[in-house]
Amino acid sequence: MQTDAIDAGHAPKEPHLRFQFSDSARQFHAAKFGMWLFLGQEVMFFSALFCAYAYYRNQFPDAFFRASQHLNTTFGLLETIDLLTSSLTVALAIHFIRQGKRGLTSVMLIITIACAFIFLVMHGHEYATEFHEGLLPGRFFHPEAHLEGPALPMESAMFFTCYFFLTVLHSIHVLIGIGVLSVVLAFNMRGKYSQAYYTHVEVGGLYWHLVDLIWIFLFPLLYLVT
Amino acid sequence: MSLAVVPEGSPLQAAHEEPDYIRAKSGVLSWVLTLDHKRIALLYLGTVTVTFFLGGIFALALRTELLVPEHGIMDAMTYNRMFTLHGVTMVFFFMIPAIPGVFGNFFIPLMIGAHDVAFPRLNLTSYYLYLFAVCLGLWGMIHGGTDTGWTFYTPYSTTTTTAVLPILAAAFVNGFSSILTGVNFIVTIHTLRAEGMHWMRLPLFVWGMYGTSVIQVLATPVIGITLALAGVEHFLGTGIFDPARGGDPILFQHLFWFYSHPAVYIMVLPAFSVASELIGAFTRKPLVGYKMIALSTFGIAFVGFLAWGHHLFTSGQSVVDAGVFGFLSMLIGIFTSIKVFNWVGSMYKAAIHMTTPFLYALGFLFLTVFGGMTGVALATISLDVHWQDTYFVVAHFHFIMAGAVVLMFLGGLHYWFPKMFGKTYPEGWGMIAATLVILGFIGTFTPQFFLGNEGMPRRYYSYPAHFQWLHVTSTIFAYILFMGLLLTLIYLVVALINGPRASNNPWGAPQYEWDTPSPPPEHNFSATPVINRDPYEYVGQEIIENAN
Amino acid sequence: MAAHAETHSHDSHDGKKHHGVGFYVGIWIVLLGFTGLTYGAAHVEMGAWNLPIALAIAIVKGTIVCLFFMHLWGDTRANQFVLILSLLFLILMCSMTIADVNTRFPLLAPPNSQRFMVSPRGQLE
Amino acid sequence: MIQAAAFYNDWMRKALNLPPQASTIAEQVDQLHFFVITVSTVAAVAIGLAGLFFFAKYRYRGKQMVGQNFQPGLWFEVVCVTGPLLFFLVWFFIGFKQYVEISTVPDDAMEVYVMGKKWMWKFAYPDGPNAVGVLRVPVGRPVKLLMTSRDVIHSFFIPAFRLKKDVVPGRYSELWFTATTPGSYEVFCAEYCGTGHSMMRAEVVAMKPDEFDAWLAAQRDASIARQQDSYQSSQEPPRTEANMVLQGQRLAGEKGCLKCHSVDGEPHIGPTWLGMYHRREQLSTGETIRIDEAYITESMMDPTAKLVAGYGPVMPTFMGKLTAPESAAIVEYIKSLRDPQLQAQPSEGPAYEPGRRP
C-alpha cells in the first residue's frame, strides 16, 4: 500500500500532502484513525454520566419513573427523527463528495445544519417548559409550586440532575458539530475539496454521527423510562 | 569514545550539511509557533522543569512544617493548601506530561524513522492547552489555592470556601492536553513507521509510549467529566454528589479513581520504557525478553483499568466489590515483576558501562522493586484497612512516583542530553548528583513506611509527639534530595551553555535515534530511512565470545 | 508517476464497493423503524423487561449507524478496535459501580433508595 | 514453640514500629502483615543482590566489547509470572478472608452510635450516656459502632485495633471490634476533612467487663444532666436528656409524630408505635415485612414508599427536616416502646441478619 515517492527528489506531490506522510492514502487513513480515537474518547466522556444515571436509576427506580412522566416524549421522538435525518444527510454528503459532486454535498451539509438547529430549538423549548414547571436539578427543584397531581418524591430531583447534565453536554456537542460542519461547508463552497481530497468532510461526518449515536442512547434512557 | 561505525549510504550522509533543528530557524516566533516535534519537546522540558521545582518547594515547605508536632512555620489552613498544591502540581503538571511530553515528543518520530508526528498542529495545540492549564493552576495558587487534597473528595470539595474552581478547571484543561497527545502518538506509531520497521522492531520506549497513550485517550475523559461535575455541584448545588439530596459521595470516588488508577500507570509506564532503553544501551547486549516486556506494557495498561476499587476498601464499598477489586489488583503485580526480572536478567553476561544514566537505572530498579512490593501488600485487603490514608500509602506512591518516575526522567535526560542539545554533561558531577538524589529518596520515604505502620494518618498538620523522630529524619533527607536535584539543574544548565560538543553516538548505543546527527536536523532524515536491524542488535562491532 | 498516484489515491481511500444513495436511504428507514419500535415498546408494560429491550434496540440502532453511516463495515481493524474498546470500558465502569451499590451494607446506601437486592431481614421472610 | 511464636510476633511488631495489638482481629492481620513483609523484603534483597552481583561481575573494564546475546528460554518468563503470582494470590485469599471477618458483625455486639462532626467525635450509647471524644468499651465483648457524619466524609481509625472505616454523611456505616487488653488507645480521623482534620482525635478506653458495667450503671442511674458538649457549637440545640430514648420522646412530641401515632396501643390515624419494633406488618402491596430500623428510617423519609395496609398515604416526608441523629433518637424511642413483658430485653442493634450480607 505504501508507494515509494522518494525517487528523483519528490514527484509532484498531491496538493494537500504533509511532508511527514509518504502518500495521501496513508494521510487519509491517519486522519480517520485519529478521529476514531477522538470518538472513543468522547464515548468515555459520556460514560461517566451514563454511569451516574445508571447508579441513581438503580437506587430510585420509581422516583425516576414518576419524574420522567413529566418529560415531553413526543418532542423526544421528533428530535430523534430529526437527528436521524441529519445523520442521513451527512452520510449522503460524504457519498456525493466521493463522487466529486460538490454542489450536492453543499446542499446535504446545509440540510444537516438546518436539522441541527431544529433540534436545538425543540430542545430549548423543552428546557423552557421544565424551567417553567420548576423541574430543575438539586437546589432549584420545586415542582409542587407549579404541578398538579401527586407530589413528586424528593429523589426525582436526581433524575433531573442526570437529565440536565446529559442533555446539556449533548447540546454542547451539537453546537460543536454545527461549528465543524459549517467550516466544512464554507471550505466546500470555496472548492477546497475534490474527489481526491475530502478528509475534512469525512471527519466532520464521523463527529456528527457520534453526536447522533449518543442521542440514540439518550432518548430511550431519559424519555421512555418505565 | 564513539563506537558506532556509520553505515555507508545511510541517511546520515545527506543530513550532514543541513543545520540542526536549534539553529535551523531563529527568533522567538520560530519557537513559539514551531511545528517541529523536537522544539515542542524543548518547550515542554522548560515548563516541566519549572512545575517540578515549584512542586518541590511545596514539598519542602510541608516537610519543614512537620519537623514539630504543633505549629511550625505555618498554620493549619496554609498547610492544607500547601499539600493540595504539592499534589496537584506534581501529579497534573509534572508527572503526567513530563516523559511523554518531553521524550515522547522528541524521540518517537526519530525512533520509528518518521519526519514528524502525525498531526504537528495538534501537537502544538496540546502544548498550549498544557501551558494554559499551568497558568490556570498558578492563577488558582495566587488566589490561595484550595485545601481539598489532589483527590477533591466530595462533599468537602463542593462545600469548601477556598478557591477550588480554578484548580478544577486547570486539571480539566490539562486532561485535554494529555488526550490530544495520546491521540497524536497512537496515530504516529500506527501510520508513520519507516520501511522495515514492523511491530516487533519497535524500540521498547515506543511500546511504552503506545501503552501510555492508550490509557491517556481512554481514561482522561472520565476525570474531565468528574471534575466538571464537582465544579458544577460546587457552583450550582445540583445534588449529584450531595448526600442531603440523595446523591452519593462514594460515586465520586468511583468515578475519580476510575481515571486516577490508570493515571498512575500513565506516569509509571513511560518510566519503565525509559528504563528499558537505558538498560538496553548500557548492558551492551540485546534485552532479555523483548517480546515479554512489550506485551507486559499492554498487560499493565488494560488490567490497570480493572483495579480502581482498591482505593475504596475502607470507604464503605461492598465486601463483594472489595474482593473483586482486590483480586484484579493482584494481577497487575505480575506484569511489573516480568519487567523487573527481564531487566535484571539482561544484566547477566553483559558488558555494563558505568555512567550516570545507568546509575539512575540501578536506583530505579531498587525503588521499583521495593515500591512495587509495598503496592502488592497494600492491595491485600485486610492490611489495607490499617494502612489506608496513612503515611504507608504516602511512602508507597512516592517510592513509585517520586522514585521510579523522577529517576527515569533524570536518567532519560542525561542519556539523551547529547542527542537533544549536542553537548555532553560532566560525568563526575552527574555521578555525585545521582547518588545524592537516590540516597535522598530512600532516606526521605523509608521512615514514612514506619510512620504509616504506627498509624500516622496522611495530610496531618499536627501529630502526636511519638511520631516526631521519624518526621525529623524524613525531613533531613528531604533537604539532601532537594540539594541533589538543585545540583543536577546547575550542572546541566552549565553544560548546556558551554559543554563540550557531543558526537552522534557518544554511548555507542544501537537504537535508531543515535543514527541521526546530534542535534538532529529539522526534518530528522533527508530521505525516509530503511530499517534493517533490531533495536538492540549490535551491528558493525565485533562481539567477543567470553564477555568478561 | 503523478497520474498513477492520482488514481491510486482515488480508490485507495475507499477500497470497498460504492453504496448507492438508495442504500443510505434504506438504512435511514430501518433506523426510523427501530425508533418507532422503541417508542412503541415503551408503552407496552413489560415489568422488568422494559429496560433491557430499550437498551437492546438502542444498541442495534447504534451498531447500524456505526457500521454503515460511519463506514466501519469495511474499515481497518484499528478503527473497529478503538470503538469496541471504549464501549468495553463503559460497560466495565457502569457494571462495577452498580454492583457495588447493590451489594453494600444496606444502611450505607442513600436513605430511601429501593435497591433490587433483598437486604434487611424484614424483607427476607 | 508458642513461646518462640510470641517472641517472633513481638520482635517483628517492634521492628515494624506497629502499635500494640489490642483487638482480636489485630493479631491475625499482623501475622499476615509479617508474612507479606518478610517475603517482600527477601525478594527485594534477592533481586538487589543479583543486580549488584551482575553489575560487579560483568562490568566493562576498558576493553571495547559487547555482552553476549544471552536469551533465556520461555521457562524464565514462566517462572517470573508464576512465582510472584502464587504469593500474590495466597496473600489475596488470606486477606479477603480476614476482610470478610472484619466486615461481618456478630449478633451479640453491643451497639454504640458514633457521630463524626467537623473536628470532633461524639459517642452515644442507646440506653446510656453521651460522651464526646472518649469511647468506653468492655474488653472481651464485641462492640459495634454505627457511625454517621454531620457534614463531610471522616474516617474512624483506631491504629491499635488495625481498623478503619469511612464515615459517610447522610447514612450509617458500621465498624465492629472486640478489645482484648484494657488500656487507652488513640483514635484518628483518617479522611481529610478541613482545617481541624489533624485535631479530630478521640480515645477508646477499654475497661474490664465488670468495671464497664459498673460505670454504665452509674451513668444511667445517676442520669444527671450529662456534661454539656465540651465544644459549644452554635447551630446545635444544647442536649438536655442524656439518654437517646428520652431525646426521641421529646422529638416525637415536638415534630408532631404523636398527633397521628399513639404510644399506648390504641388505633389512631397512623399505626401505633407500641410494640411496633420487630412486629410483622402487612403492606398495602400485600407483601408482609418485619419492621426494623431500616424500615422506620425509610418511612420517616419517604412515607408512601411502603405503606402499611389499611392506612392512608397522608404522612408528610421528614426528609431534610430531621437530622440523622434526631431520626436515630426517634427510632430508639420507638424501639423502647415494648409491651410490658418485653421491657427487660437489652438494647438490640438494628435488626438485619449479619451472616446474610455477602
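Chains: A, B, C and D, in written order; residue numbering restarts at 1 for each.
In this text, a residue touches a chain if its C-beta (ideal position, glycine included) is under 8 Å from a C-beta of that chain, and two chains touch if they have at least 3 such contacts.
Since this is a predicted model, take the numbers as computed values, not measurements.
Ranked by separation of Cα centres from chain C, the top chain is D.
By C-beta contact pairs, the most connected chain pair is B-D.
When chain centres are taken as C-alpha averages, the shortest distance to the whole-protein C-alpha average belongs to B. Between the Cα centres of chain A and chain B there is a gap of 35 Å.
If you average the Cα atoms of chain A and of chain D, the two centres end up 46 Å apart.
Separating the centre of chain A from that of chain C, both taken as means of CA atoms, is a distance of 15 Å.
Across the assembly, chain A contributes residues 29, 33, 37, 40-41, 44, 47-48, 51, 55, 59-60, 154-155 that each touch 2 or more other chains.
Among the residues of chain B, those in touch with two or more other chains are 190, 218, 222, 243, 246-248, 250-251, 254-255, 258, 316, 318-320.
Counting partner chains per residue, chain D has residues 103, 168, 170-171, 173, 301-302, 319-320, 357-358 touching two or more of them. Only residues 3, 76-77, 80, 147-149, 153, 155-156, 159-160, 243-244, 249-250, 283-286, 288-289, 292, 313-316, 318-320, 322-323, 326-327, 330-331, 333-334, 337-338, 340-342, 344-345, 347-354, 362, 365-366, 369-370, 373-374, 376-377, 379-386, 388-390, 450-451, 453-455, 457-464, 470, 538, 541-545, 547-548 of chain B touch chain D when the two sit together in their complex.
By the touch criterion stated above, chain B contacts chain C in their complex at residues 190, 218, 222, 243, 246-248, 250-251, 254-255, 258, 305-306, 309, 316-321, 324-325. By the touch criterion stated above, chain A contacts chain B in their complex at residues 2, 6, 18-22, 26, 29-30, 33-34, 37-38, 40-42, 44-49, 51-52, 55-56, 59-60, 137-139, 154-155, 157-158, 161-162, 164-165, 169. Within the complex, the chain D residues that touch chain B are 16-19, 25, 28-29, 32-33, 36-37, 40-41, 43-44, 47-48, 50-51, 54-55, 57-61, 63-72, 76-77, 79-81, 83-85, 88-89, 91-92, 94-96, 98-100, 102-103, 151-153, 155, 157, 159-160, 162-166, 168-171, 173, 186, 188-199, 201, 320, 357-358.
Residue ranges on chain C touching chain B, taken from their complex, read 78, 85-86, 89, 92-93, 96-97, 99-105, 108-113.
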